[in-house]
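You will see two complexes here that share chain A, one where it goes with chain B and one where it goes with chain C.
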Partner chain A sequence: MQLLIEQILNGLAMGSIYAIITLGLALVYGVMRILHVAHASVYTFGAYAGVFIFQATGSLALAFLGSMLLCAILGVLIERLVYFPLLKFPPYVPLIASIAVMLTIEELCRLIAGPQILTFSAKLPFPDLDVAGVHLSSTLIAIYVITAAILLLLWYLINRTELGLAMRATSQDMAIAGAQGINSHYIVSLTFVIGSAIAAIGGILVGIYYNQVYPTMGAVPAYKTLALIVVGGMGSVAGAVIAALMLGLAETLLIGYLNVPFPRDALAFVAMIGVLVWRSEGLLGSR
Partner chain B sequence: MNPALLEVKDLSIHFGGLRAVDGVNFAVNRGEILGLLGPNGAGKTVTFNLISGVYKPTSGEIWFDGKRINGLPSYAIAALGLGRTFQIVKPFSTLTVLENVLVARGITRYPAPSCLWTSWKSRQEAQAAMALLDRVGLADLAQRKAGLLPLGNLRRLEIARALAVGHKLLLLDESFSGLRHEEISQLEALIRTIQQAGITVLLIEHNMRVSMALCDRIVVMEYGKKLAEGTPAVIQQDEQVIEAYLGRKGESDAS
Partner chain C sequence: MKRLGTLLIPMALVAGTALSAQTVKIGAMAPLTGFAAADGASVKNSLKLAVDHINASGGVLGKKVEVVLYDDHADPKEATALARKLIEQDNIKAFVAGSYSMPSRAVAPLFNEEKIPMVAAYAVHPDVTSGGTYSYSFRNGFLGTVEGKAAAYTCVKLLKGKNIAVLTSDNDFGKTLAAGFKTFMESPAGQGAKVISYQTYPMSEKDYKPYLSKIKSANPDVIFSGGYYFQSGPMVKQAREMGITAQFVGEEGADSPEFVQIAGPASEGFVIVTNLNRDDSRPVVKTFLKEYADQFKISPDMVGASAYDAFMIICDGIKRANSLDGSAIQKAIASVQNYNGLTGMIKGFNKGEVVKDVQVQVVKNGQFHYKGVVNDPSLITP
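What follows is the complex of A and B.
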């Protein structure tokens, strides 16, 4: 019983991390209809930025802020220099460009930081908890709290603020939004800022959770998050979050707890194929 | 004050070898309803897209209320008080009717960072948006998802949205097409009240009866060039216009 609860808690943490990384992808797909595969390399870059700033300054707060800032800049650069000029082409063109960008950033990380695995031994400022014999590490609690805070803030931004309304309008039709006085390109850039800064948080959390940062750490998330936005419903942020939490739980419970003999990383794709066959609009998608 | 609110001077745009708009000159005077007519493919919608900043002209100038606007992005032109509708209605379909208007009402605040935290649901905003919906007769559908409205109501929604932006000039692109008889006369009445409120209107219209009745002046285009300009009475008698619409020597009418 206790093991089950611990596995559920681990699964939720896994799902939270998937959710954080998938958010940026869902946001970008929402406004630009581009599969931003390179988002996973922004996450890797964020982990590296975090670990280096932490080693240099010893401050986790600075590591988070600095990494978020650097990732936001990287995200906007990708948008301005790669995606925006390619918007007039069919969607596979920016997709291919995105894969190229991902490999480039990965290799740059490898060139600068070296191919070896870096450790990220930092303690997040959250307490360890023992509730009824179940141990909750401070890292787990940090992941829950930070993910919840991000989701709440993002929900408020999208549904309650004027900027969110402009984002939702832009995501439906940039030309029409322009005619209503919305600078759509500014909104698109802002979406990259938000998504990339969140990816930085994800990179640091994963780095601390597993105590490792390495150049290809974005590879598995890159394709898993793609499957997740399909399962959640293309461009639906809420759907992507639900799909991510479900995947985290399913992976840990089915494979970790029940020992189902099945490759764990393939689960996301089984779900994706299922969705494509039975419900092509995804969990919360329209159309 | 310059009587012309909008001036188009020697305006051209070429798409490859196609001269979609070719050296067009006309002016829209303050307070008038000017009709832009012409057979399909004459370059009317392209002209609209040039004025509203969707396309950048190959050459020529566009002046709006004393300011040269060609080359400006569409959101900046909209912010000067120029609202437009689209030939193919495109509401923000997952937003409600009210939210569609609120998007356009946000125009004065979008550049400010405060829109990061200000709510768009303030009572003041909602009232202003409801007043616009009331004006076009959609107030009772405010909470409906825009994607569920029939065409006639969508055209009204587009006009409400354009009104939220265009406190000086409205560009209406075939707002009457596809409407039923009674809807047409309601929309005619609406456009007259918009004119009475001091807003200048430039409209593209295929329906001859409507444009002759509604417009103060008419500009006729053909093959990207201006063919004729004048009051409806003059235009109706213009031989070139009759020829463009009815074809030469008994050729059948294509449009």
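What follows is the complex of A and C.
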């Protein structure tokens, strides 16, 4: 029983990390209908920015804020310089461009910071807890708390503010939203700002959690998050979050209880195929 | 989506640039980019030291030596194409396989067909030499099964483990290590101890908590981690965070200063089986450790040391063959005896496999130090 609880807690942490990284992808797909593969490299960039700022200043708060700012700028640059001019082409054109952007950023990180794994030995200010014989390390607690805070803020922003209303309108129909007086290009850029800043948090969190920052850290998230937004329902933020948490749990329980040589990374794609066959709109998708 | 585009970054560590016809070219491959780039950097640095050393002492056959080093991304597809280039365009006389098992396995038959001797630095898979089938292939590092057996010996005999958990990477490297580990445990020497948990994880794994939770409930006294430093490092760190106190034993994959950095204080007391003894008093070791640290501002690891040896074994072979003919060099390397290598005294090659002692090192104050040695011939003879 204790083992089961521990495994569920492990799985929730994994799922939370997937959720943070997937959020930006789901937001961008929602407003722009572009598969923003390069989002994974924004996350990598965020981890690097975080580790460098932390090493320079020794302040974790500055590392988070600075990295979020830099990632937001990077996100907007990708949107303005790459995606926006390509919107008039079929969707595979921006997708190919996105892959190119991802490889470019990944290789730039390697050229600038070197191929070695950098360590991010910061301590997140959370306590260790022992509840009924189950040990909860401070990193696990940090991940739960930060993920919950991000999700709450985002939910409030999208559902309870005028800005959120404008975002939802733009996501439903960019042209009509524009006709209603919404500056839809501004809203698109803002989506990139939000998504990329969250990716920065994800990058730093993962960097500290595993004590590793390296150029290819976005490789697995790049394809796993794609599967997650398909499972969640293309463009559905809530769907993507639920899919991410479910995947984290499923992967962990698979490892914990079935000792079959089934690669954990394949699970997301089995789920994706299943969704495409039986419920092509995804868990919470429409249409 | 790991690698959609492939970049060719040819790099030549040119010692005597001017007169390339007057130099002896030795080919090499290493993963200079991609997930294994840190290992590639170790190989590149060590080869540079090796070339400097050999040329400072007059080169081979009165000529300077030049290394042609290519980046194979640790990818077999990339490696086969580059092998063709080394053979046909660069006209190399011998080859240092400074990469992982997959690419090294892929190129072994190509160089053997062309009668170009190759020495694998640290790849562990049996197919790199195929048990002597590839007579031009040699291995300076340990065969994975030898290292696995030595690791099991360390767990059972040196550390007196009774209940052992095995957690290895699900690739060529981890699987051959686990096979060797199992062989020892099933032999008479392994009786009295047992493997109570056996798990594998995918290459890209970062989160070891699900595996460790399972291990924790089985309560072993020793955990064998068969993986690379970027796997064993976070694993040990996460295990200590979870309150697991069992002794960890790793192998050469964790032989890197980066292991200590990633695991942090949790690395203290971590034991590995490897080929580089940091406390070795022989001048070849002392010089290398010092020059490497001075020149590259980082501690060397077994990957780099093994590449240095692979290159030097080739040069030694050329000198003793007194010829650049592939089959003459092959015979010279195959007949080497008591070679004073950086990674230990090489007793000789048995069907292409090196015979030398396995070193046991332990992390003390953030540095690898001597813990013991495995020299039982029944364990270290491939």
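The rule we apply is simple: the second predicted complex is superposed on the first by the 283 of 287 C-alpha atoms of A that agree within 3 Å, B and C clash if a C-alpha of one lies under 4 Å from a C-alpha of the other, contacts with A are read in each partner's own complex, and residues count from 1 in each chain.
As a convention for this text, contacts are C-beta pairs under 8 Å (C-beta built on N, C-alpha and C of every residue); 3 or more make two chains touch, one makes a residue touch a chain.
The model shown is predicted, which means the values in this text are computed figures rather than measured ones.
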Next item on the list: Pick one for A:Ile141: touches chain B only (first), chain C only (second), both, or neither.
Entry: neither
Notebook entry, point to check: For A:Leu284, is the partner it touches chain B (first), chain C (second), both, or none of the two (neither)?
Noted result: neither
Next item on the list: Examine A:Ser184 and indicate which partner it touches, taking first as chain B and second as chain C; both and neither are also allowed.
Entry: first
Check: In the superposed arrangement, does A:Arg160 touch chain B (first), chain C (second), both or neither?
Finding: first
Notebook entry, point to check: Thinking of the overlay built on chain A, is A:Val76 touched by chain B (first), by chain C (second), by both, or by neither?
Noted result: neither
Notebook entry, point to check: With the two structures laid over each other on chain A, which partner does A:Arg168 touch: chain B (first), chain C (second), both, or neither?
Noted result: first
Margin query: Is A:Thr119 touching anything from chain B or chain C once the two structures are fitted on A? First, second, both or neither.
Written below: second
Margin query: Between chain B and chain C, whom does A:Ile176 touch in the aligned arrangement: first, second, both, or neither?
Written below: first
Item checked: Winner by number of chain A residues touched, once chain B and chain C are compared -> C
Margin query: Per the contact definition in the header, classify A:Tyr210: touching chain B only (first), chain C only (second), both, or neither.
Written below: second
Notebook entry, point to check: Across the two complexes, what residues of chain A are contacted by chain B and by chain C?
Noted result: none
Notebook entry, point to check: Within the complex, which stretch of chain A touches chain B?
Noted result: 157, 160-163, 165-166, 168-169, 172-173, 175-184, 286
Checklist line | chain C-facing residues of chain A, complex | finding: 2-3, 6-7, 10-11, 13-14, 37, 99-100, 103, 107, 110, 114-117, 119, 121, 135, 137, 139, 206, 210-212, 214-216, 219-220, 222-223, 251-253, 255-256, 259, 261, 263-265
Notebook entry, point to check: In their complex, what parts of chain B are in touch with chain A?
Noted result: 52-54, 73-76, 78-79, 83-84, 86, 90, 92-95, 99, 102-104, 106-111, 115-121, 161-162, 164-165
Note to self: With touch defined as at the start, can you tell me which chain C residues reach chain A in the complex?
What the structure shows: 1-2, 4-5, 7, 32-35, 37-38, 40-41, 170, 198-202, 204-207, 209-211, 213-214, 216-217, 230, 233-234, 237, 241-243, 258, 261-264
